[in-house]
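The letters A, B, C and D name the chains in turn, as written, and every chain counts its residues from 1.
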Amino acid sequence: MTAMRFFSDNAAAVHPAVMEAIAAANQVDTAYDGDALSQSLDDAFSELFETRCEVIWIASGTAANSVILAHFVRSWQGVFCHEEAHIEVDECGAPTFYSGGAKLMPLPGIGAKIDVDALRGRLAAIRKDVHQIQPAAISITNATEYGLAWRPDEIAEIGEVARGAGLKLHMDGARFANAVAFLDCAPADVTWRAGVDALSFGFTKNGAMMAEALVFFGGRGGAGARELKKRGGHLLSKGRFVAAQIRAMLEKDLWLENARAANAGAAALAAACGKRLMYPVEANELFVRLTAKEAARLRTAGYDFYDWGKDAARLVVSWDQDAGAVAPLAAAIAAL
Amino acid sequence: MTAMRFFSDNAAAVHPAVMEAIAAANQVDTAYDGDALSQSLDDAFSELFETRCEVIWIASGTAANSVILAHFVRSWQGVFCHEEAHIEVDECGAPTFYSGGAKLMPLPGIGAKIDVDALRGRLAAIRKDVHQIQPAAISITNATEYGLAWRPDEIAEIGEVARGAGLKLHMDGARFANAVAFLDCAPADVTWRAGVDALSFGFTKNGAMMAEALVFFGGRGGAGARELKKRGGHLLSKGRFVAAQIRAMLEKDLWLENARAANAGAAALAAACGKRLMYPVEANELFVRLTAKEAARLRTAGYDFYDWGKDAARLVVSWDQDAGAVAPLAAAIAAL
Amino acid sequence: MTAMRFFSDNAAAVHPAVMEAIAAANQVDTAYDGDALSQSLDDAFSELFETRCEVIWIASGTAANSVILAHFVRSWQGVFCHEEAHIEVDECGAPTFYSGGAKLMPLPGIGAKIDVDALRGRLAAIRKDVHQIQPAAISITNATEYGLAWRPDEIAEIGEVARGAGLKLHMDGARFANAVAFLDCAPADVTWRAGVDALSFGFTKNGAMMAEALVFFGGRGGAGARELKKRGGHLLSKGRFVAAQIRAMLEKDLWLENARAANAGAAALAAACGKRLMYPVEANELFVRLTAKEAARLRTAGYDFYDWGKDAARLVVSWDQDAGAVAPLAAAIAAL
Amino acid sequence: MTAMRFFSDNAAAVHPAVMEAIAAANQVDTAYDGDALSQSLDDAFSELFETRCEVIWIASGTAANSVILAHFVRSWQGVFCHEEAHIEVDECGAPTFYSGGAKLMPLPGIGAKIDVDALRGRLAAIRKDVHQIQPAAISITNATEYGLAWRPDEIAEIGEVARGAGLKLHMDGARFANAVAFLDCAPADVTWRAGVDALSFGFTKNGAMMAEALVFFGGRGGAGARELKKRGGHLLSKGRFVAAQIRAMLEKDLWLENARAANAGAAALAAACGKRLMYPVEANELFVRLTAKEAARLRTAGYDFYDWGKDAARLVVSWDQDAGAVAPLAAAIAAL
């Protein structure tokens, strides 16, 4: 039951409009990404981001991150990321695999935002020789693994370091929609205008079935990425079914609408959590202090969520769980 | 229009039963492959193949082949395949990528069946030292790239060579259904009973949307394969939508029904092609002699197909094109 | 001039006995490692280590470490090491390259010894799923990057954790001789008897020209390693010149004699450094507190060494710098 | 005994001048390639080739070829080579390993020279899509695996194809000296003037101990190559001993003198072989028809050589086997 599940947005249902778009795509068409839906993505995202974009669909966020990063770095180079970033912790080394061996170079920072001083310090400490791995890219996640939204000026500061050191800047946007919904800014403000070169724009967690977009800003960048996608077995032959999901998510800003609903649910839940909150709730994730006994009580009542180390839990609100849908859990937490 | 399209079965529509199964899977569930549908695959295939199987879903045939082969060989080893095999010619080197560098070792053979004597000869010619790449697997395709079905005894002969040399035997079954439908045999007869260790069982070309099964016979074999799948970005978070497709295809032998329909369409077309045929038509592909002028005439009439070098063409019949659906093209060819 | 150079033992002169052995090997012989010298290594090391060994020569320490680790882990697995280990910091990702993408998993610990509790904690924290990289080996360095010798019981403790978790235990022995010379123990005591599966036994820093030995204990283990060595371009055709160096180093325990000389030089220098020392001096490296001004003074006097961050320096004593040879520097430091 | 050994030039003795240069390099110096000998290579080769060169030493020919090719291609691209090229047949897949998975694309051609029409045909046949591997380089071997020297105009023809298709042109010069000695041309004539971008200049087979030079013409090209060399474990810490060999080989054109001696020995042997010869003898290798009985007779007499399939043998003459040294074998063959 929807009201009971706070495990992850990555297993939520698919939005009806996406299901309809999939059904509507069900006739024979050109294979791979030669169909009209796939071909329409460049224009659609270029409009959304107010700049020329090259866009490639792909079925998973891990693949999206890996293909972009492998496209940006050579096998002997490195990628700065937060030490709790999904690419570092939860992708079984996929970016290293796709890049032929590039090293992830983890950095600290509160709330899973890379600390820019730590970044500068690490950059300065690397000897410029062939013995030490030289970085070629930075990857940040927006919203972060702790549900925080990077502000435009924070990204711009990282972007400036990147440019200064000749590094590409990648944004893992598995929950990009939630960040933009919270910030209420133009998508451009937290991407290319702040120095981001490419974005993994996630839709799967936000109401799609299996659809992410690799967005290269400036209308350039995807040449090798297409080969890496094919080589990774990700050029699905009936690709129009992925492109259709993305188009449905862009239609009438469904991606924003869904994200706003999830964020609103999270905000409602946050109000009930009060001092239990470990981080401000900006997107659709809550990290709350919860004793083992309290957690057990909630689980007995049917709620489903992820433990986050000792005496803490993660609650994720999905697009189909608005403020009303989270009310029972909010009440249950308040009553603990 | 369906009656006009003979380009490839990889872009055909999705069967309504598959669409229904996808719709039926649309509620929240466990992520990745923890859902009941994914978990049911081992049993379902074990019954179909009359032996214990370990089964992993994946979204593309390229990924299926690559993960199995990378699981079977180390980076410094090799894989025998036909010189026109899909893995050699059309996957942008995916098996080499997934295996960390293993070499595909192409062999000749009529109709894209590996010639067993050429295989034996090549095996004998390889010096057993570290300078030459030592093979660790053989990959055959059933039905082949020329639409021929490997007979059980032909496979058994390859299987015997494989066992004798300590090689794993993989079958690329992108059109496995068409081969089994033609042979009218038990699936076991052309797989593990003939020495096949693992099968890429394709459903996408046969009515699914994006669904293939890695089938390891003997109930063993998938451990590293799961890591490779994850690392390749193929462990989709809403995996139940892939598993649902596969279950729908197995239901009431839809996979066989669809393949029989496509084969019947191909047979009807073959009758009209007569001496133009370059190979016997056993599955759902026809390779026909056609001058540039004749090809142009058919295209002007609206038919869509693939040139196959000079003065030849490939016609592929899909699951939704039975004998009736191909009648117009059959007539058009007969009238050339 | 020898008395002036404390930069690194990796650029020291070659011992005359090694030069003689190289000269003596200069006639035509079997190529690669088919010559009598190469073939004699298994027996020679088996005697030295009091157990059956399989031994492979290689020309660099980076290659030695990489081939062993790549042999022990699959591409999707990981290797625990100290966060300041040479493989993590100074080999441009070579072990990741050779293994096809395996991840180095850095751990803290004083003096570059892996803290065994940190190791246990990290092991416990890894979820046993395909999303997180599973470790398959541990690599420790003896003597460590800070010149400390692992005691047999310390290694045994790590070895026990390794066995318990099914991990291989590798020892980077670039300065193995210096550790054994300091401990005055049997080589077996700090290797296989303490649970070490394979050793990179370094000779280059200790008087050889370019010679390291991959030592697999238990007489097993080198099969894939030989392919990795060849594939890495390390199976030199006139390999006897490498094997000859190793045999010369083993002859009359020259490896121990050279290490004792270097250690003695380091000890003499340590006495002069007193409270400046950051770590006990057990092998041939000293880490000393030295202001920029003091460092400049020594350099003006002609001494050559490596800065170690702010207000610190590393002094390395080579096999040809005994207590007498370091006396001028000792006096200069004492006079600061 | 030198007069008995025709197995391979890769196991010959080291020239006395090289041994002396090694001995002369035996004092402490800067590590890796920071020493004066290593630093002098750019200038030395620039003079020899009459153009600005960037030069990197490396210890084996396999590593030389692999680093250059991996530097020129991305992991998803390909390298054209002859189907009997050393990189294709005898390097355990090293170029694929170093490049992270690039495919060697073998071509036919008489005497192991790539047939330029076959090259053009293959290039034209590759579909320009992401499904097929796109070539990024061509590698030719001079002298070839059958001891033939590519003429300047032959290379220029390949070079023109390369330029036209945007491919880099690499020359495997394991026996470059023998080719230049035969052609009696300027080294530039068979390299950059004919369109070669980089050369693996071999010295090991021609009197050195373990020394090859990666030569990038035009003074550019080595940036990533240095990282690949380090990552492969080939940046030997006492690198001056490799550089010293190369400088000794260049001194007073020793490389040419040695090659001329070997070629002269081969020519003398060729005269005795007459109609047995399968290819013209241009460098230092002979391929001769020899029945099993005849081969056995020569072996009984003490001669050592390599069988080349059925009823054929390969005889290689080394730098220390001039016309006089081969006289006994010449007589023995004439007497068969």
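Definition applied: a residue touches a chain if its C-beta (ideal position, glycine included) is under 8 Å from a C-beta of that chain, and two chains touch if they have at least 3 such contacts.
Here's who's who by UniProt: A, B, C, D = L-threonine aldolase.
Note that the coordinates shown come from a computational prediction; the quantities given were computed from them, not determined experimentally.
Undergrad: Using direct touches as single steps, what is the fewest number of steps from chain A over to chain D?
TA: The fewest steps needed to get from chain A to chain D is 1.
Undergrad: Taking each chain's centre as the mean of its C-alpha atoms, give the chain farthest from chain C.
TA: B
Undergrad: Could you tell me which pair, C-D or B-C, is linked by more C-beta pairs in contact?
TA: Looking at contacts between chains, C-D has the larger number.
Undergrad: Does the chain A and chain B pair touch with the same residues on each side or with different residues, judged by whether over half of the numbers are shared?
TA: same
Undergrad: Round to the nearest whole Å and give the separation of the Cα centres of chain A and chain C.
TA: 42
Undergrad: Take the average of all CA coordinates in chain C, do the same for chain D, and state the distance between these two points in whole angstrom.
TA: Taking the average C-alpha coordinate of chain C and of chain D, the gap between them is 34 Å.
Undergrad: With centres defined as the mean C-alpha position, give me the chain B-chain C separation in Å.
TA: Their C-alpha centroids are separated by 50 Å.
Undergrad: Check each residue of chain D and list the ones that touch at least two other chains.
TA: Chain D, residues with two or more chain partners: 75-76, 91-93, 97, 100-101, 130-131, 227, 230-231, 235.
Undergrad: If every chain is a node and each touching pair gets an edge, what shape is that graph: line, ring, star, complete or other?
TA: It is complete, because no pair of chains fails to touch.
Undergrad: Tell me, which parts of chain B touch chain C in their complex?
TA: Chain B reaches chain C through residues 74-77, 100-101, 130-131, 134, 224, 226-231, 235.
Undergrad: Which of the residues in chain B come into contact with chain D in the complex?
TA: The contact residues of chain B facing chain D are 75-76, 89-93, 96-97, 100-103, 130-133.
Undergrad: So in the complex, which bits of chain B are touching chain A?
TA: 2, 5, 7-8, 10-14, 19, 22-23, 26-31, 58-64, 66-67, 91-94, 97-98, 204-205, 209-210, 227, 230-238, 241, 318
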